[in-house]
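Heads up, there are several structures right after this.
Shared between the two complexes below is chain A, which pairs with chain B and chain C, respectively.
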Partner chain A sequence: MNTVVADITYRAMLGRKRIWLLVLLPVALIAIAVLLRLIAGVNEHTAVTLMQTFAIGMMLPLLGLIAGTGVIAPEIEDGTIIHLLAKPIARPVIALTKFVVAASLLAVFAAVPTFIAAYILVRGESGVAWGFALGSLFGAVAYAAVFLLLGVVTRHAVAIGVIYALIWEGLVGGYVPGARKFSIQQWAQSLADQVSSSPFFTTDVSLSFAIPAMIIVTLGALWLAGQRLRTLSLTGDD
Partner chain B sequence: MTAVIHDIGYRRYDGPRLGRFPAALALARHSLRGAYGLGRPAKSKILPFLIAAIMMLPAVVSIAVMALLKQEAISYPAYMVTMEAVIAIFLATQSPYMVAPDLRFRVLPLYLSRPVGIVDYVGAKLAALATALFVLLAVPLTILFIGELLIDLPGPPHTHDYLAALVGGVVLSVLLASIGLALASFTPRRGLGVASVIAFYLFTSAVSAVFVGVLQSVGKSEAAAWAWLANPFFLVDAVQVWLFGTNPIGDGYPPGPWALVIVLVVTALAVLGLLARYRKAATA
Partner chain C sequence: MTTTAPQITATSVVSLTQVSRWYGNVVAVNDVTMTIGPGVTGLLGPNGAGKSTLLHMMAGFLAPSSGTATLDGRPIWKNHEIYRIVGLVPEKEAVYGFLTGWQFVLSAARLHGLPDPEGAARRAIELVEMTEPSNRRIETYSKGMRQRIKVAAALVHDPRVLLLDEPFNGMDPRQRLHLMDLVRRMGAEGRTILFSSHILEEVERVAQQIEVLVSGRHAASGDYREIRRRMTDRPHLFRVRSSDDRKLAAALIADGSSGAVSLTPLGLEVQAVDFRRFTWLLPRVAKAADIHVWQVSPTDEDLESVFSYLVTR
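Up next, the complex of A and B:
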């Protein structure tokens, strides 16, 4: 961890237009929760639907993508990363710092609103709120690491991340059960399922697979990102 | 000592000057080629052509099914809703390319110092992206139609459905292109542009899915019919249903021309936003 790097990254993330995307989605989630509460009352089924399709299925990967690539990709894109890399700071430390910034932003902008939205809909019932908050927190950590790695590896990080989230986790995961095993979204849901006892909510990836997978993916992606930063070449395309 | 201006042989251009419209047309053509990566490095060609290939898959499978089982597999008007995620990815990855580099490198004044005005510039970019989207959808539809004609299924060919799907494709292309460009033009960064366009698609489709599900479960199916329209793809499907009486993909839409009205209003707002953005960018 390097606090100066962290400070600069926070300012870059929060001071620009990027913040609007980070804020708008959670605000919309909470607004929808309020609206659904007015339409359907306290309803566990509604809460689980909203959490699965919106909070974990849509908001978490999207925010993960914005935060995970946003902490490093713009700097690589316009070449200013060179000033950072020229400082006597170990490259893996830079990667770790950027990851911590992304993960902490996601905790604030994804996990907390997820909890608030679920709490509005069901209060503390069946542990739905706690479960999904925890699931999205751990999912956020894994997404942050993976998309950070993507941001270091390629200029088209956001496009590739979108394809992973939409095609692999969304489309393929919808039809092919085996694909769900390799989806961060599903691991987050497994965790949520472990905490919540809601009958409307079942997952098909076992926890004994999800947790080790999550840890391995996070640490692996972080290590790789650190290694890639050591030999980063600044070449332009387009 | 007196200064001397040397004549080093510069010559003025005295050929024909084509003016505003051909200039805008050239810009549109250039942007359209760029949307498919033509005239750009090989890496930029991978994604658009991969997406175009994926768009072909249902048509190919459907032709195979028609040839072997002698029955229709996928209906023409359902094509765009089936492939909505793929079309959305194309929109999200290509619309920032249309606008971001010109904004980032601040070359807009160079365009505007020519006969091309802001309206021409925005119009050319819109036309290029809409055409790119339409081609993406129309090519598999047309191949599917040719396949159907060649296989000669029992009963008359679905010419009406095919034409309805093409008109729907035009509506969808114009709608998505104007929204995509309006969102992408707010940032000169490509990555953020991709993220905001895909956020728009994911947000509208998730909102639509959640509200349809919840409203149907509490028995408010009339309100649920409206919730379908939050998703742009179902919105255009509703336009198709109203204009041509095709089979709806959702469980029924609100009756009347509302879907078309919404499409027109949203498109107009997006184009106005785009023009306002470029008026500002041109002076900056």
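Up next, the complex of A and C:
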């Protein structure tokens, strides 16, 4: 960890317009939760559905993409990253710092709002709120690492990330059970299921697969991102 | 000129040995061997000559496709330790616009792990005369101010080696003179400074040593006076339009200062082998023959042709 790198990255992520990208979805989630509570009252089934489809199914991967690529890709794109790289700091440390920033932002903008929204709907019932919050945090760590790597290796990180999240996790994962095993979203749900005792909620990826998979993917992505940063090349205008 | 400058305690040498860099089929830098020692060296060449590519390899931001780039004998590529003694000013204008100049330079000092980051940042900012606007966000700066704050950030750790990519671009004349003076002074202190430029006048005002790069090849190397002489001692090609081109051609070819004269639909093309004698002679010949000269324009004065002349010699 390097505090200067972290400081600059937080400023870049939370400054002015960009913070709205992070704020919009969680605000929507909480607003929907409030609305449902007012209309339908306490309903565990509704809560689980909202958490599954919106909080984990949509908000988490999208915020993961925004935070994971956002902490590094724009800097590589416009060349400002040189300010950090032309310093006597090991490049993997810079990658790790960027990851910690992304993961911490996701904890604040994804996991916490997920807990709040679920709590509004069902209070402490069946451990739904805690389950989805922890699952969200668990998935956030993996998303941050994977999308950070994507941001380092390609200029089309956002496009590829959207395709992964929507097509692979959303569409293919919906029809092909095998694809669900290789879906960060499913790992997050698997942990949520473990913590919660709600009868309305079952997942088909076992925790004994999800936890090692998440650890391997996170560490692997971080290692690759660090290595890739070591050989980051600048191509001149001439 | 410079008074006896206080010398820095240790000096450094950047060496390229048979370095080439290609992108697919395109060769950007072709078998370049050069050594950059203490003092100011200008890397001169037209746009697209491979200056930035060469500089990036010296700065550790590009791997040579073949050959080696070293700093004091140690490889530069994949070696972040070099930045303890190297300062880099990239050409790209982009800097963190949301930081103030002060925050930007201070962050550089902290990233270097300097013992007194505030003091170092303050000194570097004073050096480039940016103290007054340093509390403003960089996004409000002019191009020249951005350039200077980048120089301050590159100087904050008092580097022995300074690499600057087109540092004078976008500066107004006063800022340019100030930065030139600063670069000269630091060179006189024994620092190894390399800057790239496509403007000969810029380079000869600041650098003692000039390396010329043309189409990726190392075209010339040496003292600026030598390069300057070789550049002006070449045949000049002029296009002349007059009231009677044919008569003027006859009068000009009679004198030894013109090598070849040809009649073209656009006027006369005159190859002047003795530049000074030709410019002296032309109006006199025209007057004696009662010919009105309407236009005299150099056809090959652009830098490209000057450089390609250097290469073909």
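By our rule, the second predicted complex is superposed on the first by the 233 of 238 C-alpha atoms of A that agree within 3 Å, B and C clash if a C-alpha of one lies under 4 Å from a C-alpha of the other, contacts with A are read in each partner's own complex, and residues count from 1 in each chain.
By our rule, a residue touches a chain if its C-beta (ideal position, glycine included) is under 8 Å from a C-beta of that chain, and two chains touch if they have at least 3 such contacts.
This structure is a prediction, so every number in the text was calculated from the model and none was measured.
**Q** Record, for the superposition on chain A, whether partners chain B and chain C clash or fit.
**A** These partners fit in the superposed model.
**Q** So, A:Ile8: does it touch chain B (first), chain C (second), both, or neither?
**A** Touch status of A:Ile8: second partner only.
**Q** Pick one for A:Thr46: touches chain B only (first), chain C only (second), both, or neither.
**A** It touches chain B, and chain C stays clear.
**Q** For A:Ser233, is the partner it touches chain B (first), chain C (second), both, or none of the two (neither)?
**A** After superposing on A, A:Ser233 lies in contact with chain C but is clear of chain B.
**Q** Once the shared chain is lined up, is A:Leu166 touching chain B (first), chain C (second), both, or neither of them?
**A** In the superposition, A:Leu166 touches chain B alone.
**Q** Does chain B (first) or chain C (second) touch A:His83, or do both, or does neither?
**A** second
**Q** Applying the document's definition of touch, where does A:Arg91 land relative to chain B and chain C: first, second, both, or neither?
**A** second
**Q** Just the number, please: smallest Cα separation between chain B and chain C in the overlaid arrangement, in Å.
**A** Scanning every C-alpha pair, the shortest chain B to chain C distance is 6 Å.
**Q** Would you mind listing the overlap between the chain B footprint and the chain C footprint on chain A?
**A** Of chain A, residues 237-238 contact chain B in one complex and chain C in the other.
**Q** Under the stated contact criterion, what part of chain A meets chain B in this complex?
**A** Going by the criterion above, the answer is residues 17-18, 21, 25, 28, 32, 36, 39-40, 43, 45-46, 49-50, 53-54, 57-58, 62, 65-66, 69-70, 73-74, 77, 156-159, 162-163, 166-167, 170-171, 237-238.
**Q** Mind listing the chain C positions that touch chain A in their complex?
**A** Going by the criterion above, the answer is residues 23, 28, 47-53, 55-56, 59-63, 78, 80-81, 83-84, 86, 88, 90-92, 94-96, 98-99, 104, 107-108, 110-113, 153, 165.
**Q** Give the list of chain B residues in touch with chain A in this complex.
**A** Going by the criterion above, the answer is residues 40-41, 43-44, 47, 85-86, 88-89, 92-93, 97, 101, 186-187, 189-192, 194-196, 198-199, 202-203, 205-207, 209-211, 213-215, 217-218, 220.
**Q** Name, in rising order, each residue of chain A that touches chain C in their complex.
**A** Within the complex, chain A contacts chain C at residues 2-5, 7-8, 11-12, 15-16, 78-80, 82-91, 230-238.
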